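In this document, chain identifiers A, B, C and D correspond to the written order of the chains, with residue numbering beginning at 1 in each.
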Amino acid sequence: MINIGVVGYGYWGPNLVRNFAELSEAAVTVVADADPRKLAAVQRRYPAARTTTDAQELLRDPAVDAVAIATPVGSHFELGMAALRAGKHLWLEKPMTETSLQARKLIDEAERRKRVLLVDHTFIYTGAVRRIAELVRAGDLGRIYYYDSIRVNLGLFQRDVSVISDLAVHDFSILDFLLGEHPVAVSASGINHFPGTPENLAYITLFYGSGVIAHANVSWLAPVKVRQILIGGSRRMIAYDDLEPSEKVKIYDKGVSFTDDPQKILEMRVGYRTGDMLAPKIDSTEALRVAGEHFIGCIDSGKAPQTDGRLGLRVIELIEAATSSMRGRGETVYLQRQEKIA
Amino acid sequence: MINIGVVGYGYWGPNLVRNFAELSEAAVTVVADADPRKLAAVQRRYPAARTTTDAQELLRDPAVDAVAIATPVGSHFELGMAALRAGKHLWLEKPMTETSLQARKLIDEAERRKRVLLVDHTFIYTGAVRRIAELVRAGDLGRIYYYDSIRVNLGLFQRDVSVISDLAVHDFSILDFLLGEHPVAVSASGINHFPGTPENLAYITLFYGSGVIAHANVSWLAPVKVRQILIGGSRRMIAYDDLEPSEKVKIYDKGVSFTDDPQKILEMRVGYRTGDMLAPKIDSTEALRVAGEHFIGCIDSGKAPQTDGRLGLRVIELIEAATSSMRGRGETVYLQRQEKIA
Amino acid sequence: MINIGVVGYGYWGPNLVRNFAELSEAAVTVVADADPRKLAAVQRRYPAARTTTDAQELLRDPAVDAVAIATPVGSHFELGMAALRAGKHLWLEKPMTETSLQARKLIDEAERRKRVLLVDHTFIYTGAVRRIAELVRAGDLGRIYYYDSIRVNLGLFQRDVSVISDLAVHDFSILDFLLGEHPVAVSASGINHFPGTPENLAYITLFYGSGVIAHANVSWLAPVKVRQILIGGSRRMIAYDDLEPSEKVKIYDKGVSFTDDPQKILEMRVGYRTGDMLAPKIDSTEALRVAGEHFIGCIDSGKAPQTDGRLGLRVIELIEAATSSMRGRGETVYLQRQEKIA
Amino acid sequence: MINIGVVGYGYWGPNLVRNFAELSEAAVTVVADADPRKLAAVQRRYPAARTTTDAQELLRDPAVDAVAIATPVGSHFELGMAALRAGKHLWLEKPMTETSLQARKLIDEAERRKRVLLVDHTFIYTGAVRRIAELVRAGDLGRIYYYDSIRVNLGLFQRDVSVISDLAVHDFSILDFLLGEHPVAVSASGINHFPGTPENLAYITLFYGSGVIAHANVSWLAPVKVRQILIGGSRRMIAYDDLEPSEKVKIYDKGVSFTDDPQKILEMRVGYRTGDMLAPKIDSTEALRVAGEHFIGCIDSGKAPQTDGRLGLRVIELIEAATSSMRGRGETVYLQRQEKIA
């Protein structure tokens, strides 16, 4: 039984508490939030949990084995570092930290203390993304040509982070999980339509050494909600619509083949292939439950989580590069990955 | 009655011949194509039209009042210039020419000879785009925030032009028509997945002096066909799906309002507004017919077409800028519009 | 403050308890269920509520003002009658009772004792149905021609009631609410594909004196889930898709007009009219909350609920007539409404 | 080379002429229509074809091998009989005749003279229906439970036939082709909303000896166009949407299984199964072309067409039964198939 303390009971914290409370091998021991009214709500729903307005007290509590932090990103580093130093395993909401330097320090601390550090890139734990990853890794798509994502809707405007940190972050983590490759360059454009606010609309292009090109179109200012990803490969192509209730992932037996046929060279050397479409059954277990069980399993086994600090760091590096490019109106930013952490 | 000669009877030429043949104030007098089999098809369907394999003969034919050119873009300039010099009115398929210099020369020639020069940017003549333009110009959308277009499908790969010239060209012309403003900067990314071919996938961002940001996502390598444009304004937003048979244009009474309410400032200074959605009845007259009648009308009246050479030139300038940026991996290209032509 | 006792904590009971608990003018005082494990769940979530395995005890509890019954339909009459005789106001889940005779007796008892009797035909309290009713009553659709409903999905097969009682019951209540008219005849076809079970698929046609024809296609054996209603009027037509997240109700300015124009009589005397489509903003308050507040309001004011026992009875009469027709392979059943209750 | 005469150049005749003209083994020799303007249109498009306002002349023309009749249904019998008596092979548009007696006489005449008689039930020649038939016949769906069709749109109102003859006729032919079984009973409801016109909306239920139930919902008075068929089987289920451009047929690995598991019997004896969905590639050859080639092939080989007179007759019998039931407000009509023709 892992005893968990949750810091932050705002937008996402209640989901964490509910989810950990439902796991048979975990218990929510303490919940911390600066707002006493929120803690009162915790007491009503979870009479067995203690509450406190003092996060530091929670972090020092010897009854707590692991800490989950769901506060605004500005406090992730400080709270996370304190938790690790107190010997706790650490669950951090995404994005991991404000800067890649902070992320490196957390990774370093966790490794030194042999604590589990999981960053909650939830999409990695969805049935849809896991199924797509199986297809990609098994070579069913052939050589990957591109990844093209649209995540737009009306709101929720954020105060402290841009739409890149809020929405494109999902694509950065999914790409890392699917491709196992870090981009070599990033070009991004974006705009804040309202002075003094973070960018609310952005277009990000990622270039990979293997030739893959990836693109994310993210916005808080669209009249319709869209969550759609296209992935093109030499053998098959995928359309993944996360809003579709029952057929989220469609696998198209479609493609293009190049030829040396002299007849066709006279035109264009392209042949088109089109076949069946398959929408495989997708595991519909709630992603947060899968992630929670994975966290507990990693604490028990000592293995690194699938969304460990290193993946979290690579995502932060992409946020930094994209933000830098965006503020330079699309200027290409080249990524030089440091092999060593810290 | 305007007598029209059509040069090129390949992919688009048959549509031009059919369309001009159906207009009561025009007649197709001659059709030229290098392929005698295609001319035989013309003879069967239009026994009254003459045919020739010699385009120059057509251009010199005194019975021809206006010439429509539907050949590959590489021959547009030469054929168009010869037609103008022979005193003909000129209809050019899009894109107008290979280079902006060629476009300037054609505009100059047409103006000197007082001939009508229409570039067939067909979308400008659709009921959907004309209805959207009315809304934009009447201020119904309020201040325009963004224009976001997706034009993707599987094929048709082109030999001589990139996907920008083939697909993004539609967005360039629509943007010019809607905004009446030329971008100040362009950033584009793209890729040719098959060596030795033009780019088959591209992402283009346009920045406008008024603050509008526009984006086009174009591809010949998508498993599904999408033709969708979102336009966001401060008062209303539009979703235009060109593949939707009956409700192409949807006007959303949705938006975001900023506030100085101190309560809201504590959170984010944003209020959301959501209301009715209206799908107005759209004129379904074939765009080519509208364009054809407009061409005849301009010849009669001496007025400039809505898609005149200058609009065609501005589109070519955007193709050039986007291509230049794309080949520099997203490097921003600034546009300095020359006020004077030629 | 109205104190409410809820009988039955199976499929729908938890929704009732949650909903009444959230109302400021109501409190859930007691919950009864035969299964102690379910009562334990109540205790955990609602420590302030008493629980009992003895429904009779709840019905006799002087602290209870109103009773909500969410048990299988077979016990509705007995429990409901006991509640009324104990002087409680009564909320009954749909369908109201097993037979129309039982329904008449409950209505009679409630009227004699001046108690509120509400049958939970939830759809009547949705924003979509209320908006459609406004349009119908204001004459915006013109003369109503037809109502056509499809409610199909895979499962949930019921043991005690047919698909008519489970799904068509929604259409019966909506039709009653929209038209304010009772059908004169019913013809239904249906089938139980698995011997010894109730019908799992049925087609019901209702004929109205005013000329309206209504049809419901209901099934537990469809590969896709559909909840769609078309309503045709002489001036406008409606398509209502309850699964559509944001544009549930679409109002089409479309129709047919008959003419005496001799030209048109030679063909068919029909002219078609097609115009804008409007998807009005729909109030998205949870229907159960609207119903709960309405129940409390009726208790306070003594007014009859919009879904009172008489509406519930008319629905039961339609279920009986449709079932009778269905078991006679579509034989028409004529409805003779008794003016007097009991 | 089969020489074909086409009678009737109204709504469907032009499609027949175009289609036969494109077949390499057929030629359109003569076209007859009462309206000289229509014949002028034939002359312009098909200079090689003769035209006549006298259908009898066409029927007697010794140069004609086969006659295709695309006139209103009221003249099908007289013209078809004359064609057969003149020794021609016969292609009849659907519905075959006004009465089943007329259909029997035509079948008899064709068999006596050993002429091919094809009724143009076009859907049987579509890639979608042929693919579904393969699945049904191979047992891939398991035991068939139901067939449920919706064919609704706004217009075209017909003068001489009801919506059953116009739209439900497609379902009658598809059902005959898929099931190879004739219904034992029919129950139909319908209405003509405009006095003096045929029914414009109808609901038809067909009962089969094997236990299959089929339903067709047809209307000329719907605000949206729908062409959707659901077919449920014990192993798989199909959703066929004829308006879907690329994925018309979806095969769901979904179903219900009944059990004797005592645990489950306590609830309902039903288990649900849900798996992948497959949208197979569908042959997109125009159905009319497939039918035309099939007609020529049958003339050459002497084999009976897949949509021969007997299928056409069975469809007429269903139209008659459904119409009879509809005019009796859903009264069940039992079908007693006569084994012998005439």
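Quick note on the criterion: contacts are C-beta pairs under 8 Å (C-beta built on N, C-alpha and C of every residue); 3 or more make two chains touch, one makes a residue touch a chain.
The model shown is predicted, which means the values in this text are computed figures rather than measured ones.
Student: Suppose a student superposes the Cα atoms of subunit C on subunit D; what rotation angle should they report, nearest 5 degrees?
Tutor: About 180 degrees, rounded to the nearest 5.
Student: Going by C-alpha centroids, which chain is farthest from subunit D? Tell me that one.
Tutor: A
Student: Taking each chain's centre as the mean of its CA atoms, how far is subunit A from subunit B in angstrom?
Tutor: Each chain reduced to its C-alpha mean, subunit A and subunit B end up 39 Å apart.
Student: Provide the C-alpha centroid distance between subunit A and subunit D, rounded to the nearest whole angstrom.
Tutor: Once rounded, the distance between the two centres reads 53 Å.
Student: Distance from the CA centroid of subunit B to that of subunit D, rounded to the nearest Å?
Tutor: 43
Student: What are the residue numbers in subunit B that touch two or more other chains?
Tutor: Correct list: 224, 274.
Student: Under the touch definition given earlier, write down the residues of subunit C that touch subunit B in their complex.
Tutor: For this pair, the touching residues of subunit C are 247, 253, 274-281.
Student: List the residues on subunit C that touch subunit D in their complex, please.
Tutor: Touching subunit D: residues 145-146, 148, 150, 152, 154-159, 185, 187, 189, 191, 193-194, 197, 201, 203, 205, 207, 211, 213, 215, 217, 219, 221-224, 230, 232, 237-239, 250, 252, 254, 256, 258, 267-270, 272, 274, 325, 328-332 of subunit C.
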